[in-house]
Structures are given as C-alpha cells and as structure tokens.
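Below: one structure, written as structure tokens.
The first chain written gets the first letter, and so on, giving A, B, C and D; residue counts start at 1 in each chain.
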Amino acid sequence: MAKKKIRVGLIGHQFMGVAHSNAYRNAGMWYDLPVEIEMKCVCAKDTPERLEAFAHRYGWQETEADWKKLVSRDDIDLISVATPGFLHKEMVIEAAKNNKHILCEKPLANNYADACDMLKAVEGKSLVHACGFSYRFTPATALAKKLIADGKLGTIYHVHARYAQDWMVDPKAAMVWRLQKELAGSGSLGDICSHSIDMSRFMTGAEITSLVANCKTLVKQRPLSADDPDGPQGEVTVDDVAQVLCEYDNGATGCFEATRFAGGRKNHNCIEINGSLGSIYWDFEEQNYLEFCDRTLPVELQGFTKINATWDGHPYGGGPWPQGHGIGYADCFVLEVAHLVTAIAKGESFSPSFADGVTCQRVLEAVQESSEQKKWISLL
Amino acid sequence: MAKKKIRVGLIGHQFMGVAHSNAYRNAGMWYDLPVEIEMKCVCAKDTPERLEAFAHRYGWQETEADWKKLVSRDDIDLISVATPGFLHKEMVIEAAKNNKHILCEKPLANNYADACDMLKAVEGKSLVHACGFSYRFTPATALAKKLIADGKLGTIYHVHARYAQDWMVDPKAAMVWRLQKELAGSGSLGDICSHSIDMSRFMTGAEITSLVANCKTLVKQRPLSADDPDGPQGEVTVDDVAQVLCEYDNGATGCFEATRFAGGRKNHNCIEINGSLGSIYWDFEEQNYLEFCDRTLPVELQGFTKINATWDGHPYGGGPWPQGHGIGYADCFVLEVAHLVTAIAKGESFSPSFADGVTCQRVLEAVQESSEQKKWISLL
Amino acid sequence: MAKKKIRVGLIGHQFMGVAHSNAYRNAGMWYDLPVEIEMKCVCAKDTPERLEAFAHRYGWQETEADWKKLVSRDDIDLISVATPGFLHKEMVIEAAKNNKHILCEKPLANNYADACDMLKAVEGKSLVHACGFSYRFTPATALAKKLIADGKLGTIYHVHARYAQDWMVDPKAAMVWRLQKELAGSGSLGDICSHSIDMSRFMTGAEITSLVANCKTLVKQRPLSADDPDGPQGEVTVDDVAQVLCEYDNGATGCFEATRFAGGRKNHNCIEINGSLGSIYWDFEEQNYLEFCDRTLPVELQGFTKINATWDGHPYGGGPWPQGHGIGYADCFVLEVAHLVTAIAKGESFSPSFADGVTCQRVLEAVQESSEQKKWISLL
Amino acid sequence: MAKKKIRVGLIGHQFMGVAHSNAYRNAGMWYDLPVEIEMKCVCAKDTPERLEAFAHRYGWQETEADWKKLVSRDDIDLISVATPGFLHKEMVIEAAKNNKHILCEKPLANNYADACDMLKAVEGKSLVHACGFSYRFTPATALAKKLIADGKLGTIYHVHARYAQDWMVDPKAAMVWRLQKELAGSGSLGDICSHSIDMSRFMTGAEITSLVANCKTLVKQRPLSADDPDGPQGEVTVDDVAQVLCEYDNGATGCFEATRFAGGRKNHNCIEINGSLGSIYWDFEEQNYLEFCDRTLPVELQGFTKINATWDGHPYGGGPWPQGHGIGYADCFVLEVAHLVTAIAKGESFSPSFADGVTCQRVLEAVQESSEQKKWISLL
C-alpha cells in the first residue's frame, strides 16, 4: 500500500536551500518514513532559467517565482523557509495563514518581537512548526542529550561553548549580506552563537535566566566588491565576535564565544558540559564522536572516552552506515527532515519548534542589549 | 538543451548496493555533470517484494531478478557490480560481452587469475571500466596524491598503513559470508587491506615489487547463528589479520596491517608516507583532514599541519559545502560516480580501472602465497 | 675559576616548596648559569624532624623555624616565598627591607592593595623581584610570544583561555585552605585564572582595560574532614568557577574561564589567540607542543601546525634533551629559576616581576568587584 | 638513623650519561628510598677539565679517566654503563668480576653472543643487574602492563608498534657513531626498535617465537663533517628503517616499524595492543596518557578513554606531582633508578634485567638475520 505523501515547497536556493533540498531528496532513502516526501515546488529570487536549473538538479518538480503564491497553493503541505533572516517573518506568517506545516531556518527571526509574532501565528493551528537547529540532529549530540537526561552527568555545573570559523578573518574580504544588520539581524551572534545557545538548551534542558555579553565589530569597513578590495567600502553593521556569560535556571553557569575571525578554525562548533558525575565534549569538526568522562568508573580508569557515536544502538542508529563510517554535514539536515515529516505524519509536535526559536531569539536579543548597554540582563 | 543520459543497472542491494544507489541518485545534484544519470534497473537475489521496496526507496525505475538479463538489456549503458567477490567475474565478463561500461566493487575478484580474465574481457573494447577503490575519492587523499606528485615529499622513504576495525573482535560473533574463503576470497586482506594497498599506489605512484606477509585466523570457529552462540559452529576460512612488509619500485619500503579485531577502532583506515622533504598522514576517522609536514618550512615552524581539505581550491572542491562543513562516508562514492560518468561521457579512461584492480589482486595473492609458504614473494 | 654563589632561602615546603626546591637543585645542572646556586636554608611551619627530613631530601643545607630570622640572615641573597597567599605580603616586605632578591609565588597577594604595598617595598632597591608565573617558562609558550612579537599573527583579534581542573568536582571532597577566602584570597580565580590572565599579557603584550565577570561557588558547604564526609561542614568562601569577558588596550577582546569542577580535565590550561595573519593554540596537557596556523601559507596548505617546540633553536633550546623528548611540569620552575639567578647575576631586572604580579592582581580584584556588583569595571 | 648508602660510578657522559646523572641526583628527592644514593665518581673519555666540569655540574664527587679503575674501586657499589654499545661487554664483565651491581644501557650489547656472555658474567653472583629499558618506567606504560596482567584485555590478538623519529631524514645530515655498525651494532633497530620489542614483552608478558624482517639503509653515504656536506663521505653501515612481523608464544601476532626518517615525528614511540576484551594505546609524545578501550562497558559508551595516568593510585603514584601535572622524559630514568636502588637495598632482583636484555638482543639478531637472508627465523 502506497504511503501518504507530504508535498513540500521550498523558499530559498542558496546554502540552506541546497541543504534542505538534499534532505528532502534523501530522507526517505536513509530512513523508513511513514510518509513519502514529494518535492513539489521551489521558489527563489533568480532568473527563471537558473531557478529551473536548480529545480532540475536537486529534484524539485516545479518552480514558482512568487513565494506568496507558493505558500497559498493547495497542493503544498510543508513550507521550508531557507531565506535570509529578514524575510522569515512575513513568509512564515503567510504560510501559517494557509495552514502549512513550516520548517524555518535559524535564527527564527532578526529580532525577538518578530519571532514572537511568528510563534503566535502558528499557535493554536493544527500545523507542525520547526526551527532549523540542525546540529541537534547528529548521533553524537543526541547521545550527549540522552546521557545528561539519564543523569550520567549528575548536577550540571557549567557549560562552555565556542563556535569559531575563519571566513571573515581577512580584513579585505568583501561585504556580504551576513554582515548587514538589516538583512541578517546580527553577525556571528545569530549565525553561529545561536547554534551554541540552542545546543546548550537541547543538551541540558536548562534555560538561561540572565546574561552579560560583549559583541564587537573587529573590521568595520569592507570592500563592496571582492574584485576591488581597495575600491568603495561598506560599513559592517553586525558583530564579528560575540562573547556571553550567563546563568541557567538549574544553577549552572555558561560561557559562550562565537567568532568568524579565528584563523584555522573552519567550523569549530564545540561544547563542553561538566557535572558532578561526569562531563561531555563535542566538536563538530569531529562530528561523529562524543567525548564522555564518566566519574563513576574506577578512578584509575577515568578520562574522556572518545565514543564513535555511530553504532546501531546510538540515537538515530548512527546514520545509515555500519559503525565507524560516519556521516557528514548534510546528513544532519536529512535526519532533521526525517524527524519532521514523521512528526507531521503522526500528528505530533516537533522539537526544536518555533518556541525554541523564540527562546533562542530572546537570548540573542538580550545579548545585543547587554552588549550595547554594558550591563547584565535578566531573562526572568 | 537536455543532457545525454547514462542508464545504469545495479547488481547487489546490500551495503555496497546502498552506497552505489546513493551515489547514482546524488552525483548530479552535487556536481555539474556532462550527462544525466538514469537509475534504470536494480537486480538482486531477494523476494520481488523486497527488491521492489529497495528500488522504490533508493530511486531505481525497475527491478530485474536475473542479472544475465540485466547486463544484456539494450537500455542499460553502465553496470554496477556490488555483489560478494566470488560473483564478480562472471557478471563482469558477461557485461563486457554486452559492451557495457562497468563499475566493479573491490577487490576486483577472489583471485588473481579471475581478475586477469576480467581485465582481458574489457580490454580492446570501447567501454570504461572502474574498480571501486572509493577512498581515493576524498578531498584529503586526493590532496595527498597531489602534494606527492608535486614533489612536496621529495624522495619517498616509506609507507606505513593500518586499516583496523573491530566488528569481529568478539569470539562469539556469528559467521558471515566475509569469513568464508569461497565467497569472499580472503578476510581482512581483500576486504580492507586491499584499500590500503591501493591507497599507497594511488598516493605514491609506486608499485610493490616484493613482499612478505603473515595472515592469521585468530578465531577459527564461530557460531553459525547469532541467536545461538553456543550452537553449531562453522569454520572461519579466511584471515582475521593480515600483516605485510614490502618493497616498492622507487626504493621505498612499506608496512601494512589490516585487522577486524582491534577493539575500539571502528574504521581506522590510516596511512603515513614519509619522504626526504616531508610527510603526510591521513586517517579515515577524520576523513576531511590531511596532516602534512613540510620540511622546507623554517625548522622552528615545522610539524604536522592539520589541513581541513574542504576548501574550494582543494581537489574535488572540498565537496559541495563551504570549507569546514565536511563530507561523510557516502560522499566518496558520490565523487567516484561523478568522475566515472564524466569519463564515460567524455570517452576517457577512468582511474582506478580494472588494471588497478588486477595489480592490487596480484599483491593480495602474493600476500596469501607468502603467508602460506612463509617466504618473500617477488612480483617482478 | 669558581663561579660566584647565590645563596637561597626558601619559605614553604608544600606543593610549591617542592617545586622551588627542585628548581634550585637542578637549574645549574640543566643550564649554564653565570652563578652557582647554594640551597642555604629552608623554613616552614612543621615539626623540626619533618622540616629536617624535607631539607635533607631536597638538598637544603639548613632549616629555620622562624621566617623572620631567615629573611634577615646575612648569608642569604635570594628569598623564595612559596606559602599560601595571605602570608606573602609580610614576608616579602620584610625580605625587601633586608635587601633580598625575592621570588614570590603567584598570585602575588590576596588583594590589590597588598600587592601594591609589596611592589612599593621593592621599588627603588637594588634587588630583583619575581612573581612566579611559571607557565611563561615553557618552550611552547615562549615560542608563542615570539611569534606574536614577530608579527606572525598580525593584528590580534581575540584571546580565548580556559584553565580547567577537576579536583574539587566531588561535592563531598573535604575543605582545604584554597577554599577559604581569608587564606587564599580567591578560589579558581587566584589559583589558576591568574595564570591565564598573565599568559595573555605575556603572549600578546596587551593590557586589559575593562572587564565583566561572573564568579560562582558551586558547592557551598564541604566536610571539614575527608574522613568524615557527612560530619561537620565548613563554608566555602571562594569562587569555584570564574568567567571573564574583557577588552584589551590593543582593541582585542578576551574570554576566560577557570574552574576546578570540570570532570576529566586534570590541568587543562589552554589558550588560543587569533589575529589577522594567524592563530596560536597551547594546552598545558600537551605542554611541549604549540599549534600555529600561519595564514600567509598557500591557502591549500593552511591549518594548525603542531610544533614540537623542543628543538635547539626554539626558545630555551627546548630544554635539556634532544628534540621530541620533552619536559615535564617541574621543568618550568627550573627554567624560571635559571632565568632568575641569571638576571640577579647580571644585575638585570626579571620578567615577570612584582609589577606583573600587581597588574594581574588588579585584574583579579576587578573580576571580584565585577562579579559582586554585576557590572563592567574599567581598569583605566 | 641515617640510611645505608649506595655508591655509584658512572661510565659515559653523553646523552645517556646525562640522563643517568639526573636520575641518581634526583631519585631520592622524588621517592622515599630505603637507601641514600651517593654519586661517587664519573668516568668518560674526555679532557680532565671537561670531565671535571661535567662532574661538578651534575653532582659527581670525583672523576676517573680509566673505567677499569672505576669498576674495581672498593668504594663503588653500582656501576652505570652509559657508553655506546660496542663498549658494554667488556665494561660489564669487568664490573661483574668486581661484584658490582650494574645498570647497563640498552641495547645490552651489539650482538647476541656478547649479550649472553654478559648475562653469564652476572649469573650466580649476588649482584643486581639491570638493562636500561627506561620507557617501562612511565606511569602510563606501567598502567598498561597492569591492565593486561589483570585480564582487562582478555586474549591478546595483536601488537602494533611504531617508533618513528626524524633526525636522520635529511640526506645531507652528517655521519655519527649511531650510523656505524662496528660502534652501534645496528641502526634504528638497536637504538629504538629495541624499546618497542621490550615494551611488547613488558606489557604482554609474551615472547616472540618467530619473525620476518626488512631492514634497509635509505641513505647510504653521508658527509663525514656537518660543516662540509659535500665533502668526504662515509658509508652508513646500519639500517635506517627496520620493519618486523612476528608471532608470540601466546598466539598473538606483532608488527613493528622503527625509523629515523619520518619527517615530523620527533619521538613517536607508540604501541597498540588489542585483545578480546579491550585495547590499549600509548604514544610517548603524550607520555602521561594511556588510551584504554574497555569492551566490557555498555556498547554505547565504548571507545578509547584517554587516561591521565598521573593519579596517586596509578603505578608509581603518577610521579611526584598532583594528577595532571605530568612528568617529562628525564623522569623515566629517575623512576628506573629509584626502583633499581630499592631492589639492591632489599636484595631483590630487578626487572628489566640482563636476561631481558639478552632476550631482546636475540630478537634483534634474528631481525638482522631475517633481513639479510630474506626469510622467517624461528626463535624457539
């Protein structure tokens, strides 16, 4: 008997648009899903030829130039929003009006108020909403969450996270939309620190109650064109580095740094969590491994154990391959989509939802406020 | 204008059948190919229902129960052989008779004579033949090859490779086809040491001229059923560990170990090559990195540099993602297939070809001969 | 011709007393010094028998029960203060009155005012004063400083340091002097964060101009006796974890965390510094290595190079052994003492001096003030 | 009450002479010994001035030009032989005649016959003999031995060891005594492979029963003077790389490589041992850590645990420092000497003894024989 179909419409065809396309294309190949994914239509701002080429390449059946038409089509069940942050709100609210299930990329919005509006728009409707914190969907991070939930770390003492990249380190690198506040909302903060903040919430289940932060623009002017590094310059209006100290509602403290100026760090998204009974450490640059220190072992055998979290018994079964073969960046999105369409099929809610996106956004906004006002901000 | 199509038939639907399916499904998504891949038909020994389910899941248009019919179909251009080793020869020869392009999994055959017959079958025909040494198709290993070809290592002194897994380490783990000589040809030798041998050839361009080896069965009896570990036992007729010392035609020496009995090593496929000007080290468990020691740097700055080989300027452009995001196990096959269909479209030969498969097979056979006769074997 | 002698008096015979003793005993063995070190006399609060035994074991010629007598002896040139922080001030000031050269352990004092008094006491006198930031004296950290001084990192963007241990992680671990404010001044802050703060100053040459911090006591009550964990409890009056965000006078930002509650981290004293041209990373747990990312290399070869900083041409000649053999914890103190007695012999000042101790102390005090008042503190 | 004294005479004042001197100087400082070590006299081939300077620097009371006089002095209890291999035999036999306890550097001799003669010379005498396999004396290797002895690895399957350095990698590096067979006996084989062979025996308790090997001289001519690299050349008469496959009496197999031509590897002395219940891995370049994979843990938590083997409860109490502070290269010799003089004081035998030196030598000789004759050699 044929499975029920879930018909997807995607908005956006850049980096995240590609990641989503791959996920929809392959989720049903890697995982036994209760539904069949139909890649119905992609919409993006481009020439018809290029959009057609994209659709053909990634497997979308149709193209649509106007996202408003897309989100109101009757033959679409799920809208995937993979556009820059400033566009999220309108698209999501419109999709919600049309009762579409929605996967929206992170950060949910460019500010907290917008994020709240978006959450309000989906609440009370029988639709599933998801915020794209994709790093939750690796076997190693899911294992960390499970160990903590199982009490293996005991009382949580502190969280230490750093997300470091280096693609902006060259002062002559050209201006991009991610460096403009009106388009991106913030810089390293929304782009990557948001992942760390969500990861700490995901793993510990604890919420940030107050924080103090320092956001800084390290290179204030950049060439508008990569081809003319000494030509006209534009102003960078977002943070290049974001540093945060915080308190959690479980009594733990946290320390975060996000930067795109750490030469040699390509996608160094790492987190360490220490508790009374043990510790975990994860670094995306070795994404298939979780390091776990179990303080209940005999003392002489204690240390960080490097667990290749790709065994069948690990969360997500370690991905589609035998243990040790490992998954890559794209596979997090595949797992995310597999879980999302399953939730939709089963009529269950999905985590991370818009509520998670809102909570994260509130933290991001407090970070900006704290940095501007040079003071601690309470989130209570 | 629509691209020419290349129509593929796959034989086998286990581990490698899945890897090939994914590759054919996604190569055109990740890479700009001069042809379009059509997943025409899959053939495997299974119930029609299960084979249908496989076809549907992985994207094959049709199924076929009889591989002989598959390889003689007019609407198939490329045959992918993803079956256990003992079946390769007949399938390949039949496919060659029908002038199909062929991708055959490694090791090419279960013995050298068969491999030679297979090479003979494809020689002189206008078909492209490929042997599936997939680890050649990672950005990091390709970078290593390039550095060596560019002379960055100077005179090559020695190669040290180890391929260690642990899925057989439990003496009560049950019998599988990979432990039976008549099906698999050999054990760790053909399964994984073959990869190391090919990798040393790929990276250095040098050929093994003589060798001495020790192959050993560590657990000689295994339960025939996983459900009854103390029930009827079968004899393991292949090596559990293979160790090899060798000489190369460029004056270098080599040292190899392959084992499936190294507890904690999941897919530890590593190789180090040392030359007069530098060294490289690669380990699949961190597949996106190449470590390179450049002895021409100022002495105080020398050491192994851990290169995240996923930059646009690296071989294969680092895969489809921005630098640092990284690829996984499955992506090697995608790259392999992308190169293969490009070669077919352009009428070029492909590397690694059956000739590489034959050379590797000759080494494998010499390893077995050396181990049985307890003596050095010349390959000249 | 016999070398001039420098006669040393040591106060303290616990952890740091041992480290100093070893250093005085062996500095002349490992390094060609312009003076001979004479281990004249050790003073500590203990029974005469035990103090005698210590002196005999570590090579001190005499013992002295009263430190005031020790620091006023005519036959002592250099006083080494290796006592808990609350005792430093009086001892140092008395030693200075007697015109002794002084090596005082870090942190220099238990508060900033005391540290200033101590500096005042040595200023204007022809004596050499040293503050024991021993981690400056490893080949790898000295290499980092040199690379930065040579401009190899370009404009410094940020410093990220973490000093994590785990010896207090068990909530039932007993009270010690390091957990009492009146004895230790502060907890992880003075004990280990002080090292990180000094290291950032040492490597970059930049000064902290403002900061915000969060210090926290994670386990507020501890058993007074290790033998009776559920018996009488004492109050922990220092921080268990200290987290700091800061600004430097060169425009860089900093992020520090110090904790003794990170299960599995034994002496994880690490620092990363990122600049426009490169980055360095050092971790005491691999103390002989410096990781350096040189962004002026060809892009395809960039990454962190793991430099075994023990070559003859490295700072300090890599210690007394051939490259790669490596030094241990104790050897930092040996190098420190070797440099100190050389400075004394040559009539030169020593770095880190009391001025460095004072600067560090001012930062520590600002950290405490910031944490208590929950606000940014300016150090200008 | 004063401890009994053990009076030491040292022959040799190069690299190993320094290592021994430091050990005798400091063993009593770091460890509670039942005897007091008296550094009586050092003997070496040098000018009287330089030998005096050495004695003064390292703490020897007297010097002696003629080793024969030294070994026959009544006021010497223990002779330490730290000369090149070709001198060991005569010195040891003469010392034995004089009933001295003896510590002789490894390899015990330049050939098996000499080693046997040396063992014969000490047998039946009431003297303690020791062969200087110093790497046995690190907390991490001792922990590995203990884990294996305790059955934590189960049935041993195989040993994989590599000892790689790079100080000879430059073809223009000058001739030294270690490259001349008549002085050094062999090259990388005796110098470093001997350590790996002994380590495998130490850790597993198993003996090599047969082997096949390939030893090779990679650079056959070298300048006689470092100052004139293109001047007169000398012939290298030892192996630059030694590779060995072997069988053990417990059914395990082994694989060894030793080389001084691995650019970037400074003192990469590593060993992995795999058994049915677990694995250990040790690398001198992180000498304070032992990696241990315990297959009896729940599967989802298995992996290599990186144990900082410097806790009080670890073998040797982790050295003299708190856990995590770590020891360096020199400290292995200190531990060795501490154990040796304790054995002498207690009238116990010492391990590794000359018998271990002989067993190792027999393996080394078999390696050379196998390499020359290109065949397997039985050691039964």
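Simple rule for what comes next: a residue touches a chain if its C-beta (ideal position, glycine included) is under 8 Å from a C-beta of that chain, and two chains touch if they have at least 3 such contacts.
Keep in mind that this is a model prediction, so the values were computed, not measured.
A comparison of the B-C and B-D interfaces places the larger number of contacting C-beta pairs at B-D. The chain with its Cα centre farthest from the Cα centre of chain D is A.
Mean C-alpha position of chain B lies 53 Å from that of chain C.
Chain B and chain D have Cα centroids lying 41 Å from one another. For chain C, the set of residues touching two or more other chains reads 265, 302-304, 308.
By the touch rule above, chain A contacts chain D in their complex via residues 143, 289, 292, 294, 297, 299-309, 311, 313-314.
Chain B makes touch with chain D in their complex at residues 155, 157-158, 160, 162, 164, 166, 169-171, 212-214, 216, 218, 240-241, 243-245, 247, 251, 253, 255, 257, 259, 261-265, 272, 274-279, 293, 295, 302-304, 374-376. Of all residues in chain D, only 15, 18, 21-22, 25-26, 28-29, 57-59, 165, 167, 265-268, 285-287, 308, 310, 319-331 touch chain C in the complex they form.
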